[in-house]
Structures are given as C-alpha cells and as structure tokens.
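One chain, chain A, links the two complexes that follow: it is found with chain B in the first and with chain C in the second.
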Partner chain A sequence: MSTIDPATGGKEPLIIARGLRKEYGDFTAVDGIDFQVNRGDSFGFLGPNGAGKSTTMRIIAATLTRSGGDISILGKDPEVRGPEIRAHLGVVPQQDNLDNSLTVEDNLYVYGRYFGLSRTFIRNKIEELLAFAQLEEKRGVKVEALSGGMKRRLTIARALVSEPEILMLDEPTTGLDPQARHILWDRLFRLKEQGVTLLITTHYMDEAEQLCDRLMVMDKGRIMAEDSPANLIKTYSTKEVLEVRFGSDRNAQFADQLRSMSDRIEVLPDRVLMYSDDCESLLHEIVSKGMQPTTSLVRRSSLEDVFLRLTGRSLVE
Partner chain B sequence: MSTTDFSRKGSLQIINVEKILRMGSFYVAQARIRNIWQWKWSVLGEAVANPMFYLLSIGIGIGKIVNSHQSVGVDGVKYLTFLAPALLAATCIQGAVGEATHPVLEGFKWAKGFFAMNATPITGEQIANGVLLGAMARVTFGCVIYYTALYSFGAVHGLHTLWLIPMTLFAANSFAVLMMGICAAIKNDDLFLNMVQRFLIMPLFLFSGTFYSLSSMPKFLQIIGWASPLWHATEVGRWISYGHHISHGALLFHFSYMTIMTIVGFKVSHHFFVKRLAK
Partner chain C sequence: MKTSDAVLIAESLKGRFAEGTYSRRARAVLEHRRIAFKQGHWIVVLSGFVEPILYLFSFGYGVGKLVGRIQVTPGHWVSYAQFIAPALLATSAMNGAIYDSTWNVFFRLKYDGTYKAMLATSLGPLDVALGEIGWALFRGLIYATGFTAIVMPLGIIKGWYGLLAIPAAVIIAFGFASIGMLYTTYAKSFAQMDWVNIVMLPLFLFSGSLYPLSIYPEWLRYVIEALPLYHGIQIVRCLSLGIIQWSLLVHVAYFVVMIGIGVTFTTRRMRALFMR
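Let's turn to the complex of A and B:
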C-alpha cells in the first residue's frame, strides 16, 4: 500500500480506509466509511457533534480498535502495529492533556522522550517549537498558568516535537476566542505550506474552508460527501444565498410563496434561506410581489449550506 | 509574529521504534521522577521526619515502657529492635501504594496524561511499568533514609541488615503493583482513595504484627495479617535483622506469597491499563 498510485496525483497514500466500522453495543458510531488521505493533504472531517469524526480519528491514531472493515496507516494495520504507527503521528486531542505541574519547556521535553528522541535533539527542537507557538517568554512557566489559547498552541507544538508524518487535530479551536483561533489558523497554515499532512476534525465551516484541501462531510457515522470545499459548494449549493427574515411567526407563512420563486429554500426558525445564482434579482422579485422582509442579506454559499442540503440539519445545533 | 520554519527531516528518519519498544517504561519512569522532583523538598522532609517521629515516639517512648515490664524485651530483643523492620516495611509499603495509585487516577481521570502518553509509541503496559518504576524510585530514596535513621538510633545492627532494603522494596513493590492495577479499574476515585486509606492501609498497619507479635492476637484478626504483605515483610525483616525464628518452609512461603502478588499485580495492571486506554 506504500507504492505511489498515479490516481492520487503522484502522492503517496498514507491512510486508506475501506468499509471502516465502529460499534458500541447497539450504537454505530462509524458506519462503513471509505476514504484515503495522501501525503501532503490537508484533509478534514466536517460534521456535527456525534457524527463519528473523533471515533474515526482515534482509530487512525491506533488507540481504538475497529469493529469491522480495513484500515491501513503508513502501510500498517493499527491493531497489529500500533506503536509503530503512533511513532509517526502527532496528535492534538479535543481536550488538552498537558502536564499542568510541569513547565512549558518540560512538557515538550518529556513528550519528546516518549518518542525516544535524544536530549540534544529535543533541546534544539524546543527552541523552534517555542518560537512557532509564540511561547518563548513562557518557557519556564507552569502550564496551569497559561491561557486557553496558549495551552492549545503548546499542545500543537508538543505534537510536532517528533516531526510527525501526519498531524491529527481534533476540534483544534473549539472553546477559543476569535483572536486565539486566528493565531492558531496561522500556525496551522504554515505547517500546511511546509507540506505536513494535516488531518482535522471540526464543526466550524470557516475552519474547514481555511485549512482543508479536501473535506469529508460526516453525519451519523456515514460519509455524506467528499471533495474540496469549493467543489462541495459548487456541487451541493448555488453561488449565492439570500437570507430573508419576516419575523419568527411569519417566516413559515411566506414559505409557499417563496418556494415558487426558487428551486431550493430552507425554512429555519429565525429566517428563510433561498438558493440562487442571482440573489439580488430574487430579492427584487420578492419585494415586487409585495412581501416586505424585515431584514435581508445576500451572501455567497458556504459549507453550512452544503451541510444543510446533505443532512437537512444545521452544523451547530 | 514569528516566521520560524522547521528544520524537518520527518519522523520516519529520526525515530527508532525498536528502541522505544525496549526503553518505553524507562521514559515513563523518567517523566514520573521529573514530576515527583517538583515536590523534592516535601519528599525529603517526609523521608526524614517520618522515621524520626516514629522512632522517637513509639520506638523509644513506648519501647521504654515495654522494656521496663519485660526484662527480655519482645521476641528476645529490645522493643525498638523488634519494631524496626516492621516500621521500615510499613512506611515503604504505604509510600509505594500512595505513589502508585494517585498518579493512576490523575493519569486516567483528572489530567488524562496517560492518554497523551498513549498517543505516542508508548504502550499501556509501558505506562504501568513506568509509573511503578517512578514510585519505587521514590520509595527506594525514602527506604534508604529510613534505614539510615534506624541504624543511627541503634534499631538495627550489622551490615547484614542492609538486606532489609531490597527485601522491603520487594514487599512494597508487590502490594503497590496490585493496588495500581485495581486503581486502573476504578471509576469512583474519591471514594476509592478514602476506602484504601481507611479500610485497607490502616488495618494492615495495625493488624500485621507491626507493634506486637501476630500470634498474640485473636485468630480472626490473624487472618488479616496472613493476607497482608506487611506481615510477610515484617517476618522476613525480623529474621534478617536479629535472627527471629522462621522455619525454611515459612521463609519460602513468605517469599512465594510476595512473588505471586507481584505477578498477579502486573497481570492485573497491564490488563486494566490497556483496557482503559482503549475506551
């Protein structure tokens, strides 16, 4: 499986999953999914909480056994050769699990030792990683004193200490303020530019659009679609979206009339979404027919619209 | 904002998996020792103060009363000499159990550090081994200081009593590894630690022939002593220290008991560490 397949654009496949399943009793968390991640890809799992993203990530991380199907990571089966696979992964879990009683620097050092790296190598690497994570001034500070954003950056830096072939990030910016998110995105974008293979789970569509070349949209353990963010939007949505509000009680009341004006509309509790390649004209038509929305907004389609189309539900509920 | 780029060779070039499979337990132990080092003054203070307080209050204070009533002391020796191997074993066993159980709850539940370790090539078995090694490193330090205090107080005599140190560590290890395994299986941590301290450690300390011979107690209480690694360690310790009479069969039984406890303890620990990490 480590040979180069021309179908992947000359890129080496690092992860190949076929019919991957995970069941917990009667509950199916991952329901027979197929996917492939190639070297240098920035691959995202997009879906709401409970979609099966984190379970899939843990199977890839060789810390959770599968119930069925096949998966190969770096040409190896994670259930047979877990430590050998984990040696080449950098894992950023959903919740930071740093050692709070140690300093920033010691956290990086100790983690590097788990990969069997020499003291000299780790000491040099720590300088690079502290600069990357913008934590040089905090090197001697105990982790418990860091802010949420700093802890997140340190967790990412820690995952990079072993120069992993694949960096796995599970909901990397959940719980962070907008400024901390943007700093993190910048750091991750730099890694992407350097050709590090990124595997990201997120339920933030803006994060998925920013960081991922390819996206797998998941819901209830199944793959709903897979493509680049731009192609997903092109395939599953129109160029533009018109959001109109008539007031909570009246949105549904106008729905039938609005439906006749557009191929696709979505009636949400607080607004109606209308899909068209020319939403300005659509808005004029609505007004000309005597319907006066209290607010209106024309925007470009996003992954949220794709998700709504594929599942009938919003990403963040 | 930094523009740092990485000097990147990639993990395939820099990581030696065979070495990690061989050395992983020691890497975990190093991390544990680094963690314990955060509390070095408290560790040192406890290691010095503990024997001082026990030897002064019970060994010398109570010993004076005991010796004044029994011309030949206890078991044919002074009360302090009788007590010394038991105090050493009790302190080391308690220390080992504490150091092998608290980090387990922290690693699995409170800070989830074991999951971070297991995201690297380190296996569940190696984490268990490393935690135990770290605990035993601390206990070895305490044991040497305690022994030195016993020697200084005249509670043990002769270089042959140095054998007390490895024997006591063996006993402490046997109980600690079993408790570590049970701890890995426990979900209700608050209750567990309190129960262990109040209903396991304390009774073992009191009913394992520590302060008086086990045979002087009612039969039903002697059973606690027979099950306790502390009693086995105390019996062998007294034999090493001042030649307390034990038959060869009993000696074999004491070592066999502690060996079996060690083997079972490792099996239980490895099983529950791997199982809990895979949940």
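Let's turn to the complex of A and C:
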C-alpha cells in the first residue's frame, strides 16, 4: 500500500508523475511534466487544443506508454501492472467508444464483464446507472440511435460500472445541453463526496471552477501553472477587470494613455481590458481625463482571464 | 472507500504469468461477440455452411463417377467423395475462421472504438486477441460440425474416429483465425483485405483437396507442402479415415507454430495500435 506523505497534508498520493514525457516521432506532446494527485482531489487539466491534456490522461489511464520520466499510479508502474491499475479507474475518453451495434443496456453489461464482474452484480448496477444517466427509457435501444448527448451520458455511466476510486473524464460535458451539464456536475459532486478522486479536462472555465479544487494549466506539453482556482486568479490576475470600448479606431489611440494608469492592460480590436483591484476608481479616472468610453463594464476576474494570460490569445496550430 | 470487486478480481491475478498482458478473461470478449451476434447476420453464416455441402454433392458424386476410387495410402482405397470430404471440412473450418478474423475484425479496428474501450478496462491485449480469435475459431467449428453432421449419416465419414475430424477442425480454425487476425492488424485499406479472398480460393483448389499431390511435379509438391491448408487437409483426412501415422504430428506441429506466431504477434500489434 502507498505511504502517506505529511507534506501533502496527510493525504495519500495516488498519482505521482516526474519528468513525464510523450513523443510521437519528432513531436513532443508532453514535455517533462511533474504533478501529483492525492486521494479525494478533484484535479483539472486546462489548456488549449493540442496542449497534451488527453495524452497525459491516457498515460495515467495506463492505455498509452510514456516515452520518458516516471509515473506511478497507486504506487504501481502502468507499464508493468496495466490491468491492475485500470481496475481502479473509470475512464471517459474524449471520444465516445461505445459499441454502436449493441443496446444501451448491453453496452453497460459487456463493459462490466471486461472487469470480470458477476452477472448479478452488473444487472443490479445497470438499474442504478440507467437512472444516473437518465436513460431508463432507452435501455433497449441500440446506441447508434442515441443522440450525441445521450451517448456521452452513457459513456459516463459505463465508466462507473466497476465502482472506480479514480474517475477520469476527458471533456465530459462537451456536447451536453445545459440541463445535462448541471445534472452531471451534481452527480460528480456527489461522487467526490463519497471519496472518488476526479481527474477532469475541460475547455469550460465555469466547469473547472465548479468541479475542481486544483487546476493544472498546460500549454505545448508543459505546465504553465498549478494551484486552486482561487489562488490562480489571485496570482495571475487582479481582483477585477475593466472592459472599455471607444470604437475600434480609438481603442489603439488611447492605448498609451491608458497604459500609464494600470499595471496591465490588453488592447484588443474591439475593446481594451484593464486589470486592477479597484476598477470603479480606474473608470472615474479615465472619464475625468476626458476619455469617454462608448461602453464600460466592471467585472470580477475569472479563470478565463488567467487561462488567456497563461496560454495567449492567438490560435497556435 | 471499500475495495471494489473489480480491484479484488484484478489483484487476485497478481504475480501470475504475463499479468500486464493477460487477465485470463478472454471469455468476456467472447461473450461480447455472442451478444452482438444475437442481432447479427445468420444468413451469412448459413451460406458458408452450405457451400462445402454443395461442393461435396457436385464433385463427390458427379466427378466421383468419372474418377472411381483413389488410393490414399498403399492398399487403402476410398471413394472420391470420401477423398474430398475431409478437404471440404478443413476448408470450411478455414473459411469460417478467416471470415470473422479478417473482415469483421477490420471493421472493428478501423471504424469503432471497441478495442480501445476493452483496453481501457482491466483486460489486457492478450485477452482481446484470444477472445477475438476464439470467436472466429468458433465459427469455423460450427461449419465443420454442421458438415460432419450431414456427411456422417451418408457414410462418407465413418466410424468413431470420423468424429476426430471435429477437434481437427478446431486446430485448423485456431491456426487460420490467429494468422487472419494478425494480417488484419497490419492491413490499412480495403484493397489489402481483398487479398485475403484472392489467396483463399487457390489455397483451397491446389492444396491436395480435389486430387492427390502425386499429380504434381516434385518441386510443386514442396511448395504446396509448405502451405497451411495442405497440413489441415492431411490432419482431417488421416483422422477421419483412421490413418494414424507419425506424419500427423508434423501436420499438427505446423498449426501449433501458426497459432503461436498468430497469437503472440496479434497481441503485440494490439498493444502497438491502441496503447502507443
């Protein structure tokens, strides 16, 4: 059994990665990252497309061999003890991989059988999972006839058939309607309360903020930052953000003057963002200097501001 | 949290041979195939089942009238139908095994995530390979059993040793299913899959199925003797005619090697395709 490290606040470390790397040919998808996930954490991976989130998740899930570095999951090396590690995990891959030719119920059944679970165990579990995914009415329907969101829900339900202690969700709510997302958040929160460790990747900042108590921001295979959502905002942004618009030609014209009034500003084509802990007085100052914005908005800093600051605004392909 | 059943089951295999590759649960894959088949295409299976029967009636009785009796070992003469029946049985075992292990596996490899899903659980790549090969083998076995059931009452395959044709068919189907699946894991296109069908017909026609190899010049005989179906036909023919001789071991060994290579490398390919 794993040892308990006092440095982690008495929490048992489940996943420890050191210098973890993954190369595809000449291309480095994961570039030597270190992280640790403790039991009961809900740990989020954020990052732009191609950052290496799914790659990292798949290495943890013991379905992708690493190119370098070390990783241990529940104290085991995935290269040697793959099946045993996978027995602890529930995996929701980025792309659904249900068997389209089987019914909803049979998909859950065969998946349970892969873990060696008994027929009666699975039969009982199926009732619970169909209720969880709200697919009771669809139990006898072939998967190919489900909507995208229903398939997603089924994939998530399927991951729970083995009662995993670590649930790995790669963009779980992409393609779900707002109702389904909120229901899923609620369900995930309950699992977390039961002590299930969650690993989540998402492009939705509200989701990350709702679900995760620790976040790791990745870009180009590296870790840009790692902390709690609140601390990330504290470290990488100000309390508030002021968004002012002067019309597209005047935004740039006022830029220099505005820059002198705040530690950090961003001039975008349609608006100027100014970061400050007291945006109301900043706005007063701007107006008093004779620059009358057409619109202005003071809002609290969000995770999205942190994300864009750390990973840039442009699409890098 | 209490330890889940899934974990207890996986931990019970700790320290066993090849624990990272094989979870001793290929039957879960077989069960999946069986459930998927319930809604499947019986008609395709039926056609493969009828084919050798048609050959037997057309060639066995028709051509049989012209050729008379054939000598299989010195002094051992059989009717033409008795001569080709074991070959047809071996070939139907091959066809059944190849059909499921090539085309069906190809679609699963390319167009659905079944294998990815399987390998995200506590199954290992050897479980998946054995399960899939086992299912294909099963189809070969069904064909062979059906053929035997029809042919035995007609007296073409006879005696208790005639029933040995069925375990022989299992060995043959296992060998072809293993190699068929291995080939499929390398195939990239439909054209490459078509090669399977292109190869199988001549393999049937020239492997000593419809006439003895003694008809060929010596060099060609060596070529045929290197091919798998020849050995498969010999196993069924010897067993079903009650000819027990040492050369049987050679034929069986050929298939054991085929199975060994097929299963080992299919497992590696599954790992390479889905876990790298």
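Assume the second predicted complex is superposed on the first by the 309 of 317 C-alpha atoms of A that agree within 3 Å, B and C clash if a C-alpha of one lies under 4 Å from a C-alpha of the other, contacts with A are read in each partner's own complex, and residues count from 1 in each chain.
Convention: a contact is a pair of C-beta atoms (placed from the backbone, for glycine too) under 8 Å apart; a residue touches a chain by one contact, two chains touch by 3 or more.
Everything numeric in this text was worked out from a predicted model, so none of it was measured.
Clashing of chain B with chain C is the outcome of superposition onto chain A.
Looking at the shared chain after the overlay, A:Q95 reaches both chain B and chain C.
By the touch criterion defined above, A:A87 reaches both chain B and chain C.
Touch criterion met: A:E79 reaches chain C, while chain B stays clear of it.
Of the two partner chains placed around the shared chain by superposition, chain B is the only one that A:D186 touches, whereas chain C remains out of contact. After overlaying the two complexes on the shared chain, residue contacts for A:F115 are found with chain B and with chain C alike. In the superposition on chain A, contact is made by A:A131 with chain B only, not with chain C. Judged by the touch definition given at the top, the superposed model places A:D106 against both chain B and chain C.
In the superposed model, A:T295 lies in contact with neither chain B nor chain C. Where the contact sets of chain A with chain B and with chain C meet, they give residues 61, 63-65, 82-84, 86-89, 91, 93, 95, 97-102, 106, 110-111, 113-117, 121, 162-165, 194, 196.
Looking at the complex, you find that chain C touches chain A at residues 1, 4-7, 9-11, 13-14, 19-20, 23, 25, 28-29, 31-32, 35-36, 39, 112-114, 116-124, 274-276. Within the complex formed with chain C, the residues of chain A that make contact are 61, 63-65, 79-84, 86-89, 91, 93, 95-102, 106, 109-111, 113-118, 121, 162-165, 194-196.
The touching residues of chain A, when paired with chain B in their complex, are 61, 63-65, 82-84, 86-89, 91, 93, 95, 97-102, 106, 110-111, 113-117, 121, 128, 131-132, 134, 160, 162-165, 183, 186, 190, 194, 196. Chain B makes touch with chain A in their complex at residues 1-2, 4-17, 19-21, 23-24, 27-28, 30-31, 34-35, 38, 111-113, 115-123, 277-278.
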